[in-house]
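Below: the structure, in structure tokens.
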């Protein structure tokens, strides 16, 4: 084999061929170029800019609500980093992860509230909480070490459910040596009046203080995670996630590492839980249910399993977007923007875009005519439309009086249509697109807007399904090759 | 003694329901080596379908058709609807992932679960539904073994479950479809090379598994368990535990596991504390996975290195 | 206990020794009272028809299976039933029949991962970037290049950061050998290292196996079907059939042994030869 000259970058050399895969992934469109430009910046800048923005948020008018969202985001980021340690590298599908968050919160509440009359100093309480939650994680990891993917998933899912049941039903626990039953966890009402954090005389009594604290913690956690990622442990976890048996043959103690992943992940979740309890000044069992778990998974999968920027971005998206859904005006905008952008990206050709949207608008008016002809009772624009887009939407979307019934029918029709479309050729899909787009907006306005929290869950669920089918590696992940 | 008998009866009845759910898990796992996390939601949907069929026919108080016919139609709709839903889920959420990583279908199943729960919430509302069986079945009739009473609903559930299981057993062991399912379960590629349409076999497997879950849902409702969109979560987990107990991948195992779990739960509820009933299934699962992962009737898995 | 190899008393401790190893799977006896010894820096080839128990024999050594009877000694110490990762740390590394690389990790990462057992940095060291962590990082980088240098320019330069799944088949097999070397082992078990290679690549791998012993003093056991490799590489050859050792000796001895010919070509072939 002839070796290629060092300075030859010509087409057809070994190197050029080998990097074909990378080039194919890179793409050449506008997004790709922006992405490349961004990645070209020194890493300090890439991380520094978002950090700067985040730090400056409170100063752009200290709106307490925004700070509260920021706190939620910070907690979520910690959880995401912890979960990434467990799932992202080793592929250990722990569906009970939220139980550690809950355990941390309850443990902190037990140590720093009126529940047991304990008011331990915050630092001590947090250390105890983190250590015990980590031990708890270790205990869950022990029976799990021999479980493979599917079994581990369901077993941990069950565990997570049992945790909540245990918390709810432990408000009257009769110990044999006591006369009366003891209220351990406050039952379904949880524990209130949890102490705020107080370190070295400084009490965290404002959203701003917690916000800044979380910034510091997230930065520290990110740096630590990055270092671990490139360390022998990070590589060992990733190897065991690839091929556990081969990893063992290459000196990697897989059992020990699985336990370590569980323990560390639990510890981080415990820390987040403790802070959560002190921010909320209470802890309630309903928080730690399945929807929160699935949202965290959605976050790290959307961002890209195993990728630290991906995990952080995913967590940000999954925290902020659902907040926007609470406000009909913003959510309308958001939905339309996402729909339009999504359609444009799918069509890829600028020529089709106006045609599709014109068709959609036409179908809307045609639908109105049909509804009127049938004689469906409706609401006037003033009666239902809100926000800046009201006049436009009001004249284009037919709002029936029986919103729930007709909205439900539209919803079912929409789900069926979208599912069916996934089976059609591209050409047929594009022809049907105007109708489906109108149906989507119709369903959104008529029915989904009435139930923001349900809609949010529906979207997360749908997101997971679609993501797995189209881009399982998420935003920042690299496409993986699996040997089955 | 009769208290024990009553608990036993409760256990057998619930066991029948668990067995039907467990069968669904085992069928799908046997054929695809995949644990369908969203299986419980099909049970939930079946319960709702049955409920709405009942009210559509005028029930529970003023049924337009004879009670037996009404119940029959409820089962047909629930099982058919469940089957359709299961097939759709397989087609759109799982089939695209057949050659993906092991994690992808599990994540997708999580998404399906969440989606179905909230779709039920959206379409049916948050109100908890009750079948109110007492209005169309005289719960005071029924048979008595000694001084232990078994009401008609309980008899119906047990007999129905046994009939379905018998039907399933016959199908798997005596029909071409059953043979195809067994072949795909052992070696998918070899099955293809023997002219078996794997996709179609998988579709039928999901249809049957989901149909059984739907039937279980109706039975649960008839037994006066409340019907809401979260009922599938625990039922699914317990059904899974039952399947593991009996030996995942084994049909008689699922049946055995279901009844064993039901009886154990009933005895614990009756003699210890009702709140611990939910924990039993979890405890059983962990114990089985630790001590004898292949379950009672399962065969040990030998992987070629 | 006749092992057919030079008696242990007059020679140094064998690097690897199997004593009466029996392994059964249900009704099937995969290895039947197998005994053999490999001297330090010796290259031993194991041949035999498919299903003879060759890979099982590797699996028993590395601890994937615990033998039903018998013992496995590494430099005189028993490693019977020891977990694979401990066996690896004690100095036995292997490659697999179906190339089991860490597909989505890069070449460099595949090799660095295998150095886990040779490094000691704790999580504390890593999170706080202590001098020990940084030193081990540097050492690892050197070891990666060292392991890969054995294969010339093939896996160098830009290839280091390519994911393993993008490598050519032959390169994947080479990477697997390099990864095994990276564990710091002194005994290598190579499971069909030349499978699927063209004559030129086969020639190369034969040379490399020889160099591994000559330059780095590895003790090597090779399972192979390609007799060119076996002939070019082996100090001794052992033939297995149905879990039983049916011949042992130099390549010429074994290749012409009637039992071996019969095992490969069927009864009566030996007579015809």
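Just so it is clear, A, B and C label the chains in written order, and each chain counts residues from 1 on its own.
As a convention for this text, contacts are C-beta pairs under 8 Å (C-beta built on N, C-alpha and C of every residue); 3 or more make two chains touch, one makes a residue touch a chain.
In this text, all values refer to a predicted model and were calculated from it rather than measured experimentally.
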Central chain (distance from its CA mean to the mean of all protein CA atoms): A
Farthest chain from subunit C, comparing Cα centres? B
Measuring centre to centre with CA averages, how many angstrom lie between subunit A and subunit B? 31
In whole angstrom, what separates the CA-based centres of subunit B and subunit C? 49
Which integer distance in Å separates the CA centroid of subunit A from that of subunit C? 45
Which subunit B residues touch at least two other chains? 305
Counting only residues that touch at least 2 other chains, which ones in subunit A make the list? 245, 480, 482
In subunit C, the residues touching two or more other chains are 64, 96
Give every residue of subunit B touching subunit A within the complex, in rising order. 29, 33-35, 37, 88, 91-93, 96-97, 99-108, 110-119, 121-123, 233-234, 237, 240-241, 244, 275, 278-279, 281-282, 285-286, 289-290, 293, 305
Using the touch rule from the top, collect the residues of subunit A that touch subunit C in their complex. 3, 15, 18-19, 21, 224, 227-228, 231-233, 235-236, 238-239, 242-243, 245-254, 260, 264, 478, 480-483
Interface with subunit B, subunit A side, in the complex: residues 91, 93, 95, 143, 146-147, 149-151, 153-155, 157-159, 161-162, 165, 169, 245, 290-291, 294, 297-298, 301, 408, 411-412, 415, 419, 422-423, 447-448, 451, 454, 457-458, 460-465, 467-469, 472, 480, 482, 484
Inside the complex, what are the residues of subunit C that reach subunit A? 62, 64, 83-85, 88-89, 93-94, 96, 100-105, 109, 112-119, 121, 123, 126-127, 129, 133, 136, 140, 153, 157-159, 162-163, 165-166, 179-180, 182-184
